[in-house]
C-alpha cells in the first residue's frame, strides 16, 4: 500500500486532537497549583504539538514535521531536566510545591 | 596739558580702589590705603586743573574722548567715552577737589579702624563712579556711574556692617535708588527709541534743535523727562524717594559728607541740567521738577527743625538744599542750580565733617540734647562749623547766599511779570520760607552744640571702630580738638570755600555754564492765562551770540533780548538779595534767642505743640507709610506667591505626575505575581489575537 | 570634515572612562580630583583652540562635519559651531574646571563616580551646543539628564531622591513633546517635493534643511510645532508656571550639580528656543510672543517676590534663576529690529552662567562649613570669613545687574530689546513691568546679603574635614575656584563689545524670519495675504520663506524654487 | 465552510469547557459526575457530526476506514487521559495518566505512519522523562498535613473556571481555524522533502519526483541495492527512520547542533541548580 497524503479533513481531525491536548495542557498549567503537575501539563502541550506536527508531516508528505518533533523532544527533555531541578530547588526552599507560594513579583 | 589726559580721570581712582583692595588683605598694608586713596583722587584733580583751560576751547570732535567701545549691538552702540564741556569740568572740580579734601580728613577720622582699607576702597571706587557719571558721553555710561555711586553708597553706608540699622539703611538706600534707576533706565530706553542714540551730546543737540525749531512734542518726548526725573529724584532724595538719605547717615561721617552731601546726591541735579533741552521738550517736566524741588525743600526743612540727631539735621538740610537745586533747574536756571550745587558741596561737606569731629570727640554721641557749650573744648571745630552754618543759612556774602539767591530770584522772575506763573511765584515764596527755616535750624544746631553752658555726655561707642583704635584711645573720656593734619586743615580749606566761594566763583561759574552745552535752549514765556496749567510758550533763540552777550545775573532772560524784561529781572534779583539777607538774619537771630539765650521757653513751646513736634520728629511718618503701603504688602504678596507656588502650581504638576501612578494603581491587581495569572492573560491574548488576525480579518 | 569639535566633544567622554576602570591610583580622592581637573582643563584648552581658529567674519557654521548614523532616516551626528555656540561651548568648558576645583572637599564618598558623571555630563552639554543635526542635539539634550539625575540622586542632600525623580520626569516629559514636534517637522520635510530645495522630500534632521522645510508650514502647524518645542524648552529654561522642579533640584543637588544646572543646563532651554523655535516657526512666534512675554514677566516678578521670603540661601538663588531667565526669554522673544533683545539674551545666558554659578559655589562653600543653609542660623559672616564675603557680595552685585559687571549687559539689552520690540510682539510695557524685577532683584539679594554677610555675628556649628571646629576663611583652592569667575564677570561687564559684535550676525540670521513675520503682521494681519505690489512686503516674504541662512546663502545663485505650486499647497 | 460545522465546534467547545470545569479539583464538587458525561457527549457529538455530515461523504481522505477507527480510539484515550492528568488530585496518578496520553499519541503516530516517532516518544517521554517526574514527585513529597490524602494545593485548583473558559476559547478559535477550508493548509507538492533535500545537497541535484510513492514490497529489494549514498539516494525506498535521519542531518544540521548545545547547557544547568545551596526560609524550630 503506497503511502499517500491525508487530505485536509483527516488532517483536521488530528489537529483537533492536538489542539485539545494542547489546550488541556494549557488549562492544567494555568489552574493546577502543584509545580510538578504544571510542568507535566507543559509536556502535554508538547504532546499536542507533536501530534499536530506529525499530522502535518503526513499531510505534506515530508519529514520535516517529524524532524521537528525530535527537536520538540529535545527541548522537552532539556526543560524537564532544568524545570525539575528548579522545582526541587524551590521545594527545598519553601517545603511546598504550591505555585501560589511564589509570588514575589506581586505588584 | 593734552586734553586726552582727561581719559585717565576715572581710571586712576579705580586703580586706587584696586590697590586699596589689595591693602585689605594684610593688616600691615592697611595703613597704606588712605594715602593711596587720597592720591588717587588728588591726581585726577590735578589733571582736571591742567585740562581746564584746554577744555574751554574744544571743538566738537575733541569734546568727546573715546576710550573704547563698550556695548554694541546693531545700531545700539555705547562707547566708554567722555564728554568734556565746562559743566563737566565744574563737576569734576567739585568731585575730585572736595573729594580729596574729604578723603584727607577721613585719613584721620578713620585712623585705626578695622575696615580702614575697605573704607578707602569704597571711597576710591566712589570717585571712579562719580567721575564716570559726570564725564559720561552717553546715558548708559552715565547709568554705569549712576548705579556705581549707588553701589558705593550702599557699601559705605553699610560700612559698620554688624550694626543692623546700618545694614538696613544701606539696603534701603540701594533699593530706593533702584526704584529711581528703573525710571532712569526706562528713560534711556525711550530716549534711544526716540533719538536712536544714547549719546548725550547728540541727544541734547537734537532736543535743542527741536525746541528751537518750535516743537511739537510727541508722547515719547513728554514721557522721557518724567522717566529720567524719577531717577534724579531717587538719587537726589526728593519727594517721594527722599526716605533713604536721612537713614544713610548710618555710614561714617566722611561718607555722609562726600557721598550724601557734596557729590552723589547732586547727580540728579547734574543730570537734569545736562539734559535740559530734553526736559524742555515736555512742557510739564520742568514745572514738575521745580514743584517737587520746592515742596521737598520746605518739607525737609520743617523736619530738620525737630531732629535731635546732629547728622540727621544736616541730612534733612541736604534734602532741603537739593530741593533748592531742583527748584533752580526747574526754573530753567541751570546756572542757579549748578552754582548752588557747587557752593553746597563746600559748606555741606564742611558741616558734615565738623559734625563728624564733634561726634568723634564725643565718642559717637550725636544727640543734640546730650551736648552743649562745646566751644571751649573744640574751638577750631566750633568756628569752622560756624562758617559752614553761615553759608548754609545764606548769611550775606557767604557762598550759600549767592547761589540760593540766584535760584529764588530766578523762580521769582518766572513767577512775576506779565507772563508770570503763579506756580513759580508760590514756589519762590516757599523757597523764601525754607530759607528762613534753614537759617533757623542751622543755628539752632550750632547754638545748641557750641553755646550755652558746657555739658556733654559721651557716646557709648567710638563710631563703630573696634579695639584696634590704638593711639587716640584716650579720647573716650574727654572731648578734644581734632589735630590739624590731616583733619582740620582740609576743613579750613572748605571753610574758606564756604565763606567766599560765592564771591570768588560767581563770575567763573557764569561763564562756564554759559559755555556749557547744558544751558537751556530757549527762553520761556509764561502764559498769561493763570487758569490753564503752566505751560511754556517757547520762543526760539535765533542768535546764540545773544546768549553770550547777556548779563550774567539774568542770563536766562537774555533770549528775550528785551531790555524791559532784563531790567525787571535785575530788579527782582536785587530785591531778593535784600529780602533773603533779612530772612537769614531773622532766622539766625531767632535761633539764637530760642536755642542759646532762652532754652526753657523753647522747651515750653515744644511742649505746647507736642503734636506738631511729634509729627515732625517722626518725619511725617513717611517711612511708616511706605512700610505699611508698600513693603509689608509686597512681602505678604511674596509669602502668598510662595504658597501659591508650592501648593497650587506644584500641586497641579504633582497631580499630573500622579495620573500615571493612579492608572498603575488601578491595574496593579492584575499583577498577582503568580505565573499562572500571567499565563491566563497570555492565553486570552493569544485567543484574541488569533480571532482578530484570522477570523475577523477575513 | 573638521575633527576639532569631534575631539572637543569626545575628549571628556574618553578621559572619563579610566575613572571607571579598576585603577588603584583613583582610589585616592586627590588623585581622582586632579585627574578630573586636568581632564576638564584640557577640554578647556581645546575649546580655546577652537576660539583661536574661529573666523568671526565668516557666516554660518564652522568646523563642520558629520558622522553618519542611520542613513535611511537621514540621521547623522552633524556638528559645527557659530559664534552663539562657540561662546556657550566656552562657557561650558570654562565652568567645568572651576566646578571640579570647587568639588574637592564637597565630595568624599564615591568620588570616582562623581567625577565620572560630571565629565560625561560635559560631553553631552558640548554635544548639545555643537550639534547641527537636530537628532544629535536632542540625543545630547536628553542624555544630559542621566548624569545629572545620578549626581542629584546619589550625591544630593536629604531629599535627593524625590528631587532627582521630579527633575528627571518633569524635564523628560516636556522634551518628549519636543521630540514629537521635531519629528513632525522632519516628516513634513519628507512630504515636500524633492526638487523644492536641497534635502527636501527625504528624511533629514539637518537643522538647515528643517529650517527650510519649516518655512513651508502653515501658521497653524507652526503653532503646534512651537508649542511642542516650548513644552521641552520652557520646562528647561524654566519659564514661570513650569518652574517648580528647579528650586527642588537646585536645593537638593550637590554644589557641582547646581552650578552646572544653573550655569549651562538651563541655557539649553533658551538656546533651543533661539536655535529652533525662532527660525522654525516665525509666524507662530510672533503670534504667541505676547503670551510668552506675559509669562516671562510674571515669572520675573512672582519668583522675585518668592525669593524674598526664602530662608534657604540656595533656594533663594534657585528661585532667582527663574526670575533672571524670565529676562532672557523676554529678550529672545523681543524681535526688535536691531536684535538687541536676542543678542542680549545670549549674553544673559553667558552672564547668568557665570554669576549664578559662582553664587552657588559660594553657597556650597558655606554649606561645607556649616552643613546648613538656613539664613536664620547665620549672620554677620563678613566679619569672620571676609574673603568669602567679598566674593559673595561681588557675585551678588553681578547678579543684581550692576553696570560694569556682566549681569548688567544682558539685563539692559534684553529690557531694551523688549522696550523696542514691535507693538504686536512685546512692546515697552513688558519692559517697564519686567524692569520692576530689577528692583526686586536688589531687594531679595541684598536681603540675603544683609542677613548672611552683614549684621551681628552669628555662626552655626562648624564642621571641618578634620573635625576641628574653628571657622576658616576660603583656602587657596577655593579662591582659585572663584577668581576666574570673578574675572569673567568683570571682563564681560567692561569689555562685552567683542562678544556682542560676534553674536550679531548669527543671531540676526536666526531671528530674521521672525522679525520679518512681525513686520509683516504689523501691516498685514495675515502674513500670507500680502499684496504683490508692496516691495517691502515682498522683501519680507522672501526673508520669511527662504530663511536667509548659511545653507541658503551658499546656494543663493540658484533661484529659489518657491513656486505657485507651493503656494497652492499652502 | 458550513456554518453548521462552526456552530458545532463552538457548542462542543462550550460543553467541553463546562465539563472540564466541573471535573477540575475544587473544594466542593457539585455535579461532578456530569463532567465526564458532558465531555464525552461533546467530543462524541462533534465526531458524530463530523462523520455524519455530507461534507466529506464521498471524499478520498487518504486514511482508510480502519485508520479512522484507530484514530477515534487513540484520540479518545489520549483526550480522556489528558483530562485525568489535569484533574487528578494525586501527582503520581497524574504522571501515570500522562504515560497513557503518550501511549495513545504513539498510537496516533502509527496511524499516521510515523513509526519512528511513535517509538521515540514512548521511549523518551514514557520512559525517560516521566521516570524523572516520578522521581521528583517522590523527592518532593510531603507528609500529609492532617492525615488526609494529598496536599491542599493538589486538591484545590486555582481559578479553574476562568482557566477552562480561556483554554476553550483558544480551543474554539483553533478548531474553527483548522476546520476552515479557506485557511486550512493545502498540500504543497513542491515543498516535499525531495525538493528540500535536493536543494541542500550542495549543488548535486537529484531528480525530484512529484510525489514519491513507494511500495512496501520494494523495500525487500533494498538488500540488492547498494548502500544509499547521497549520490544514489532514492527517498522512496527508505524507511521512516532513515528518512527522518536523512532529513535531520541534511536539512537541519544547524538545528541539530543547537539542540545538542541546548542539551549540554541544560545538563550543566541542571548540575549547577542541583548544587545550589538554598537558604531555608523556614528554619526548623529550635529544639
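Per-chain residue numbering starts at 1, and chain names A, B, C and D are given in the order in which the chains are listed.
The rule is short, and it goes like this: contacts are C-beta pairs under 8 Å (C-beta built on N, C-alpha and C of every residue); 3 or more make two chains touch, one makes a residue touch a chain.
None of these values were measured; they are calculated from a predicted model.
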Message: Mean of the CA atoms for each chain, then the mean for all of them together: which chain is nearest?
response: C
- prompt: In angstrom, rounded to a whole number, how far apart do the mean CA points of chain A and chain D lie?
  reply: 7
Statement: In whole angstrom, the CA-centroid distance of chain A from chain B equals 96
Query: So, what's the distance in Å between the C-alpha centres of chain D and chain B?
result: 102
- request: State, to the nearest whole Å, the distance from the C-alpha centre of chain B to the C-alpha centre of chain C.
  value: 38
- line: Each of the following residues of chain A touches two or more other chains, namely 26, 30-31, 33, 99-100
Field: Junction residues of chain D - those touching two or more other chains
entry: 158-159, 162-163, 166-167, 170, 174
- request: Among the residues of chain C, pick out those that touch two or more other chains and give their numbers.
  value: none
- request: Using the contact rule from the top, write out all pairs of chains that touch.
  value: A-B, A-D, B-C, B-D
- prompt: Which of the residues in chain A come into contact with chain B in the complex?
  reply: 26, 29-31, 33, 38, 99-100, 102-107
Task: Note which residues of chain A are touching chain D in the complex, please.
output: 1-17, 19-28, 30-34, 36-37, 39-41, 43-44, 47, 50-51, 54-64, 66-67, 69-71, 73-82, 84-89, 91-100
Message: Which residues of chain B touch chain D once you look at their complex with the stated criterion?
response: 674, 676, 680, 683-684, 686-687, 690-691, 694-695, 698
Field: Contacting residues of chain D [partner chain A, same complex]
entry: 16, 20, 24, 46, 50, 55-56, 59-63, 68, 71, 75, 78-79, 82-83, 85-86, 91, 94-95, 98, 101-102, 105, 108-109, 112-114, 116-117, 120-121, 124-125, 128-129, 132-133, 136-137, 139-140, 142, 151-154, 156-160, 162-164, 166-168, 170-171, 174-175, 178-179, 181, 184-188, 191-193, 196, 211-216, 240, 243-244, 246-248, 251-252, 255, 259, 262-263, 265-267, 269-270, 273-274, 276, 278-282
Message: Applying the document's contact rule, which stretches of chain B touch chain C when the two form their complex?
response: 24, 68-76, 140, 143-144, 146-148, 151, 154, 158, 161-162, 164, 166-168, 170-171, 174-175, 178-179, 181-182, 185-186, 188-190, 192-193, 634-635, 637-639, 641-642, 645, 649-650, 653, 657
